[in-house]
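Below are two complexes that have chain A in common, paired first with chain B and then with chain C.
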Partner chain A sequence: MVGRLVVGAHYGVRDWLVQRGSAVIMAIYTVILVGWMLIAPPADYAAWKTLFGTGWMRVATLFFFVSLLLHAWVGMRDIVMDYVKPTWLRLCAHVFIILVLIAYAGWSVQILWRT
Partner chain B sequence: MLFRVYRYDPDKDAQPRMQEYNVQIEHTDRMLLDALVRIKEMDDSLSLRRSCREGVCGSDAMNINGKNGLACITKLVDLKEPVELRPLPGLPVIRDLIVDMTQFFKQYNSVKPYLINDDPAPETERLQSPKDREELDGLYECILCACCSTACPSFWWNPDKYVGPAGLLQAYRFIADSRDQATAARLDDLEDPYRLFRCHTIMNCTDVCPKGLNPALAIGKIKTMMVKRSV
Partner chain C sequence: MSDPAVNSPRLHAARPVWYNLSPVNLPIPGLVSIFHRVSGLALFAGMFWLLYLLDESLASAESFARFKAIAAHPLAKLVLLGFGWSFLHHFCAGIRFLLLDVHIGSSLEAARRSSGIVFGVSLLLTVILGARLW
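Presenting the complex of A and B:
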């Protein structure tokens, strides 16, 4: 194995598409939300709560968070692949990042659906 | 004209150093290579590669005032003084401005930069339509000077795994060739988080190419072909 060029892992396109797709979803959400804030800025806590209490806003925000986490996964994995060379350490870093991102996903759901 | 040139002889020097040269430029000296030849006359211990002196062989690629380029087609009047000359970044230095290109050519070799066609050879050439031939414009002109790959941070971090812009431009040159029959195998070989997808489209390659080529566009086209066949 030493010095041998290992070629064609046969994955990569899917991750690349996920990164692009999630970026588009985040951009659309951000533009709409910023536009909304400019047109009708919520005046107080109750207004914020009403805005994020609607079903479509919760679903849209969940889409945003899922996109953010998928985007972060590809980005973080790329950073680890560039800078963490020992295989065992890289594997540990990957597992740690995945666990943290899953925890964030659960936390996002809890925040959005908290009454 | 004032030059600061990277000097390093691994056999003698513990550390690389920058050496200053004040060069009397004659009216016939137009390009940076002319000045380097004058420096070489002053100090013959300076080592550099050069051959064709007209931007075709690619041997005098170096880092000129922080940007990779060919000394022979870089105009002296365009350079800010002191002109700082360093070897191409990211490759091991053999001596002064000469780098070891082994890794670069290993990656170039890995994309099988030749036509693969199992049909019996015809009596005349394998002909292409003018439209098919046009596909190769902007690809075949690459002179393998390594300016692009050595300007790419992804190639700096993973020169053994990432093909690099020069290799990928060459890969697409054969993927795009109507006479080549190994498109699927070539795409299979490149579908890899390292070999192709280390490219994050920062486009240093396109910015520095002394031949005005666009490796980032070629890489984008390879990615598009992969998406097309997988969705």
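Presenting the complex of A and C:
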């Protein structure tokens, strides 16, 4: 690190923060959801549907999914950068991951807001 | 400009340094780390099926019945348990990494101990999850 010139790029600090921030959001959501399921386990479909039908639950779950997709992007990007050496293949893998995650984003919104 | 460190004969004699990074030779914090990566990859790979299951469970009463039937299959239970372990390890190891980020438990002793705790807690929770699945 001594004498290194730090100019120009942002050196991944933003991605690092996104990874950590999204992790904290998902952890809080998971702990609350699991706690809720232990206290009041939904007995049947109606109860399960009602749980995910309330406004706050939809928004909280949307936060979870957005965090999940951002988190998966940073993690998968790191894995691809570490192991996929040919540039064209790495680029293809990155594009594939982005497309898959965008599709999941649309799907999760559909799951949550379908009547 | 001559850098004494670069021209030091000791430095050259020590090269190349060969680290054995095979998983069987990794110290336990290294195992936590590589399992964190593998479990994250597994969860990404399984995300389609897990989203599909959530979709089936919420879409309608009929699809909920299909979801119940899928989740009752022993093979599906086994796969779900695998994803459960992946999630729990990723969760526990992730909390450990967050604590390391803020310099909690970063000494060698503490890091080794917390690695053991990560494996212990995530495996214990996986066993509890398995008991609830069956």
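By our rule, the second predicted complex is superposed on the first by the 105 of 115 C-alpha atoms of A that agree within 3 Å, B and C clash if a C-alpha of one lies under 4 Å from a C-alpha of the other, contacts with A are read in each partner's own complex, and residues count from 1 in each chain.
Rule of thumb we're sticking to: a contact is a pair of C-beta atoms (placed from the backbone, for glycine too) under 8 Å apart; a residue touches a chain by one contact, two chains touch by 3 or more.
As the structure is a prediction and not an experimental result, all values here were calculated from the model.
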Inset, instruction - Applying the touch criterion given at the start, work out whether A:M81 contacts chain B, chain C, both or neither, answering first, second, both or neither. - result: first
Legend entry - Touched partner set for A:A47, first chain B, second chain C, both or neither: neither
Inset, instruction - Please work out whether A:I111 is in contact with chain B alone, chain C alone, both, or neither, and reply first, second, both or neither. - result: second
Inset, instruction - Based on the superposed arrangement, let me know which partner A:A72 touches: chain B (first), chain C (second), both, or neither? - result: second
Inset, instruction - Check the residue A:L89 against both partner chains and state whether it touches chain B (first), chain C (second), both, or neither. - result: neither
Inset, instruction - Look at A:A27 in the shared chain and tell me whether it touches chain B only, chain C only, both, or neither; answer first, second, both or neither. - result: second
Inset, instruction - Check whether A:Y11 is in contact with chain B, with chain C, with both or with neither, and answer first, second, both or neither. - result: first
Legend entry - Complex interface listing, chain A residues touching chain C: 20, 23-24, 27, 30, 45, 48-49, 52, 72, 75-76, 79, 104, 107-108, 110-111, 114
Inset, instruction - Can you check the complex and tell me which residues of chain C touch chain A? - result: 37, 40-41, 43-44, 47-48, 51, 54-55, 57-59, 61, 64-65, 91, 94-95, 98, 101
Legend entry - chain A contact footprint on chain B (complex, rising order): 106, 110, 154, 157-158, 160-161, 188-198, 200, 223, 226-227, 230-231
Inset, instruction - Show which residues of chain A lie in contact with chain B when the two form their complex. - result: 5-17, 78, 81-83
